[in-house]
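In the two complexes below, chain A is the common chain; its partner is chain B in one and chain C in the other.
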Partner chain A sequence: MQYMNLIMAGLFQAAVLFLVACGLQLIFGVQKIVNLACGSFYALGAFFAITVVGLLQSLELPMVLLLPVLVLSGLVIGLAGAPLELLLRPIYRRDPSYQLLMTFGLVLMFQDVFRFFWGPVPRSMDSTLYTIYGSLELSGFRVPVYNLLVIAASLLIALALGQFLKHSRLGRIVRATAENRNITEAMGVNSAKVFTLVFALGCALGTVGGALVIPTSAASMTMAAELVVDAFAVVIIGGLGSMAGAMAGAIVVGLMRAIAVAYMPEVEILAIYLVVVAVLLFRPAGLFGRSTA
Partner chain B sequence: MSAVMKARAMDHQQQPVQLAQPVQLAELLRGFMPFAVMCLALGIAPLVLSPYHTVMLVPIVAYGVALLGMNVLFGYTGLLSFGHAMFLAIGAYATAVATRYGILSFECIVLIAAAAGGVFSLLIGALCVRFTHIFFGVLTLAFGMLVHSFLFKFYEVTGGDQGMRVLRPTLLGIEWDMSATQFLSGPFFYYCLALYLLIGVIVFRVVRSPLGLHLRAIRDNENKARYLGVRVYRLRLFAFVLSGVLASVAGAILSISTGLADPELAYWPQSGNLIFMLILGGATTFAGPGLGALIFVVLHETLASYTHYWRFMLGATLVFLVLLLPDGLLGTLARRLPKRAERKAP
Partner chain C sequence: MINRRQFSQAALGVAGFAIGAPAFAQNQPLRLGLLAIRSGVGAFLGEDSIRAVQWGVQRLNAAGGIAGRKVELVIQEESTPKDTIERFRHLVLREKVDAVHGLISTGVTLAVAPVAEEERVLLQCWDGTTQNGVQESMPKTRFVFRSTDNECEAVMGALLTVKHMKGKFATIAGINPDYSYGRNCWETFKALLTRYGIEAKVVSEQWVKVGTTDLTTNVAALGAAKPDLIFTSMFLSDLPIFLRQASAAGLLTNTKLVAPTGGGQINELRNAFVPEGSLLGHNTFFHAQPGASELHKAFVADYRDRYKVLPTSSADRAYFNLMAYKAGVEKAVGATGRWPKVDEIAEAIVGVEVESLGGRGRYRDDKIAEQFFYQGLVRHQAGSASLDFADTTAIFSDKLQKPAGADYWNWIKSANFPI
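Moving on, here comes the complex of A and B:
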């Protein structure tokens, strides 16, 4: 039953990582930009969610609303991505190194935005809230219902995103823009708007991920830089630009992390990055990536 | 621009009288001269500055050494590494291990750090330079994280987050019996500056040699270069190893100036800072990155002394640079000044 616990812990991490990696993939797929600031959006979501939940508690609203509130607050603050996309506009057609640099500049700036609004000390919310939904007991192993809900929510968001991209009109336009920006523009699509939408959506996935993780762990100044490390591992293992890859990568990284933490905490990131290096060497496009990407 | 206009413009350029002067100026700015001026300025600075501020100059020299190598890798060969901070850490830990086992001669330490950096960069580079662009960047980032996590987690070997102590070395076989500030702002600073100048001369010779031309050919058009017989893989590897060795030497200098080798040196934002300096000064010029290091360190120290929010300022500076001055300070200067002179001339 110990294994079951490990698997559940791993899947919970995978669910959160998947959301962030999804945002990263979406932005890379359409805008061809590797967003180093994905971790910062994740942290932004986390900090903002703490404030929102605190507000909720002071209003004495029923705490059953916790999960929907977290998702909503993540979505709302994710909109901050839209104005930031304006900064990226002049550099889409430039060398990718400048795009990396631009997002690195955002990482630095975000770091101080957090310090300004939420202070340098790690913040966490009322820890009783984590158990608000109770926990599930199955023949000897226990899992907090919250974790299950987050996994479900993550899957639901993935499903909704997939349906949106595959079947809606706007989704088709997004995919067309990803395929070939110039032709799509020639067809009369305002690709600048599509880019803004995609960037905001990608950021919102990150902020929702950050908001959902908050009941289980504190929000700190270092979480942004740490998450980038994980999210990159996910994306490389899965393959840049692929949603299925993001899911596979997230599960690999989440499980490996859970197992490593349980048995050999020293090799946690080492093991993950050894897999990353192996994938890059033997299958550079990633497990689900297109070989030319 | 139509072909006819282009041809006309070229005719115009061939009149030697108007352009002779400006081209020289641009070449001068891209070449060795600003580097020599900067070294000279750094050499004079301790006479004016307090010892405390002089100690601040040591990291400038250290980053300058690392950036000479990164410039060969990015500016001349076109490979942007997002994990170069790992070589800083490798150099720093090599120094720590060396001093722990009683090797205190700085000359030996530099050689050991360079050798360690060389071995690691050869191994890592052999894998990484098979890729270009974003994949190269991400792969180097991955190796950087491997190194960081090893240093951070293996407490018994590396001291974990405490890092490893670095003892004061001897310079030219002489032991310096003085306070840390005196040592760092006096003999150590000048020793490192001389080392910087020496390495600068060597690297300049390299980039101005046929080998440097090969590197630039690879940057501009890989396939064409290969077709012309340039050994693309081997030269990329050479550039990577050179930059790894120099970054390790820089790591040795940094670790001695702080007396500590700690894993934060290898963390990925540190690599970001290195690239920041590289772009700030201008990766298309020889002396630009050194200038970038100078400005970065001074900016960092000044902002940090005024406000807690210096990261925001640095980030904003970076965003501003990418948007408006992608060639960096020196690069923009080299591009703009001749044009202005040209406008004034007639």
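Moving on, here comes the complex of A and C:
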């Protein structure tokens, strides 16, 4: 049973990483933009969630609503992606280096936004909220119920996103735009609106991830940079633009980290990047990516 | 033509200049530069320090200042070594400060201290040392005063573990910051357990990057290792995160906790996730010190009233340096009969005993601080979410830090410890 601790910790990490990587994949898949600011949206979700939960506590609302409130706060602040998408419009058809510079600019801007609204010091929510749902104990192995709920919420979001993209009319338009923007525009689709929707949705996945992780952690100026490194490892392992790849990559990274930390903490980062290097060498398109050659 | 009176005045001015005594500056405020961390995971340390200095300066000025001069503060940020050197030079060259206090990061102190020596500026470090690991890199400074050794807390934590927990654990695990401080603390703890006959098996060693807020996998790894005792020298926002996660995962139910620097996070820690009987250290200041001085009580009351939180040892270290500077300046003024030069102040500070917030303290001949350290066992009070402490021990640092010039690892094998 001792391995269950590691597996559950790995899956919890994977659940949060999946949400951020999923947003990264969605934006790349449709808009062909590598969003370096994905970690900043994750941090934005974390900071905003602390404010929202603090407000709820001051209103003395029942804290059993913590999880839905966190998801909702992540979705709401994720809408900030919609106006920010306007900044990207002039560079869609330019060299990819412009896109990287623009999204890196967003990373720097967000640093000051965090400093302005939440100050330079790490922030956390009421430290007892993490255990509000209790813990589950099974023959010597104990896991906080909150962790299980986050894993479940992440799976539900993945399913809902899959259903939306596969079966809804809007989802089909998004997929068609991802396949060929010019043809969908010729068929009367307003691709600008699709891009705004996709960018906001991609950002919202990141902000929900940040909001969900915050009861176990703290929001800090450095959390964006920490997360973005892992998120890109997930995308490379899973394959750029693939949702299934995002899930596979997140599980690989989450479990690799948990195992490395337990048995050889010195190689915690190296272990993940050995996998990344192996994937780039032997399967450059990633586990679920489509080869462009 | 100049008359005799004009000639006498000019001659006095030249004489004053020649002996380097800024006699004309005595009516000017004394400018004290502060270098404090103001952003990131260590910002609370800098904030606590600034608040304590401001509190002290307010009282000093109300009582006439230092040797008759009111004190003015000029605050700059401590950040990277390179940027902090620039700000140190700015304080000295542009702001014309009389002395500089501050610096918490050892990495930054190692970079700034040689500049202070070169510029002949008095630099009193709040928490930074000039030790490279446990090796003193500047054994004979003229103008730089260093804090107590960072490992004092780990030494004391190990001694109190022997006292309170010997025979109650067989396996240990460590989760410590991944730099020389964390590694030295962990090695110190293990070495002292061995010295006192505790052959505990190490079942897990976790190293955490400074500023990390995600410790899920570390908690899982410790859970898998099932240690009887966990030692941690984490002291930033990572500590409450770790304890909250560890508690939720059931890791602390039957496991003892030794956190010799944990008291620094007293405002974030709660009974809900810090087990009763855990050993927590408060460094040089314990907010609920039994038999505390009037100064201590006044400071804690004012601080709580104004900021709604408890002060920590960062406040004490900053206040200690302010008082040591005051004592040094006034001693040198008394000895010379004029405003002293910087090297005279530096010499005068050595050995002067001052009352700080956490008790008396002084600087050794090698300009390393000596202060009291406090650690105690967590006690849960019914109806209270905040931590309470029982069996608090105070030990003066001359029993916890290596003597000048000694090799640290040899010293802990042979030192005559009080427990």
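Everything below uses one rule, namely that the second predicted complex is superposed on the first by the 292 of 293 C-alpha atoms of A that agree within 3 Å, B and C clash if a C-alpha of one lies under 4 Å from a C-alpha of the other, contacts with A are read in each partner's own complex, and residues count from 1 in each chain.
Everything below uses one rule, namely that a residue touches a chain if its C-beta (ideal position, glycine included) is under 8 Å from a C-beta of that chain, and two chains touch if they have at least 3 such contacts.
Small disclaimer: the values here were computed from a predicted structure and weren't measured.
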item	value
Clash or fit, chain B versus chain C on superposed chain A	fit
Partner chain(s) touched by A:Thr131 [first = chain B, second = chain C, both, neither]	second
Partner chain(s) touched by A:Pro265 [first = chain B, second = chain C, both, neither]	both
Contacts of A:Leu100 with chain B and chain C, given as first, second, both or neither	first
Which superposed partner A:Leu281 touches (first chain B, second chain C, both, neither)	first
Angle at the Cα centre of chain A, taken between the Cα centres of chain B and chain C once the superposition is applied, in steps of 10 degrees	70
Partner chain(s) touched by A:Phe12 [first = chain B, second = chain C, both, neither]	second
Chain B versus chain C as contact partner of A:Arg115, first or second or both or neither	both
Lowest inter-chain C-alpha distance for chain C and chain B in the superposed arrangement, angstrom	6
Where chain A meets both chain C and chain B, residue numbers	115, 265-266, 268
Touching residues on chain C, where the partner in the complex is chain A	38-41, 43-44, 47, 204-207, 211-221, 223-226, 237, 240-241, 244-245, 247-250, 268-270, 272-273, 385
Of chain A, residues touching chain C in the complex	2-3, 5-6, 8-10, 12-13, 115, 120-122, 124, 127-128, 130-131, 135, 137, 142-144, 146-147, 213, 216-223, 226, 257-258, 261-263, 265-266, 268
Partner chain A, residues of chain B touching it in the complex	74, 80, 82, 127, 131, 133-135, 137-139, 141-143, 145-146, 148-150, 153-155, 267-269, 272, 275-276, 279, 308-312, 314-319, 322-323, 326
In the complex with chain B, residue positions of chain A that touch it	34, 36, 87, 90-91, 94, 96-98, 100-102, 104-113, 115-116, 225, 228-229, 232-233, 236, 240, 265-270, 273-274, 276-277, 280-281, 284
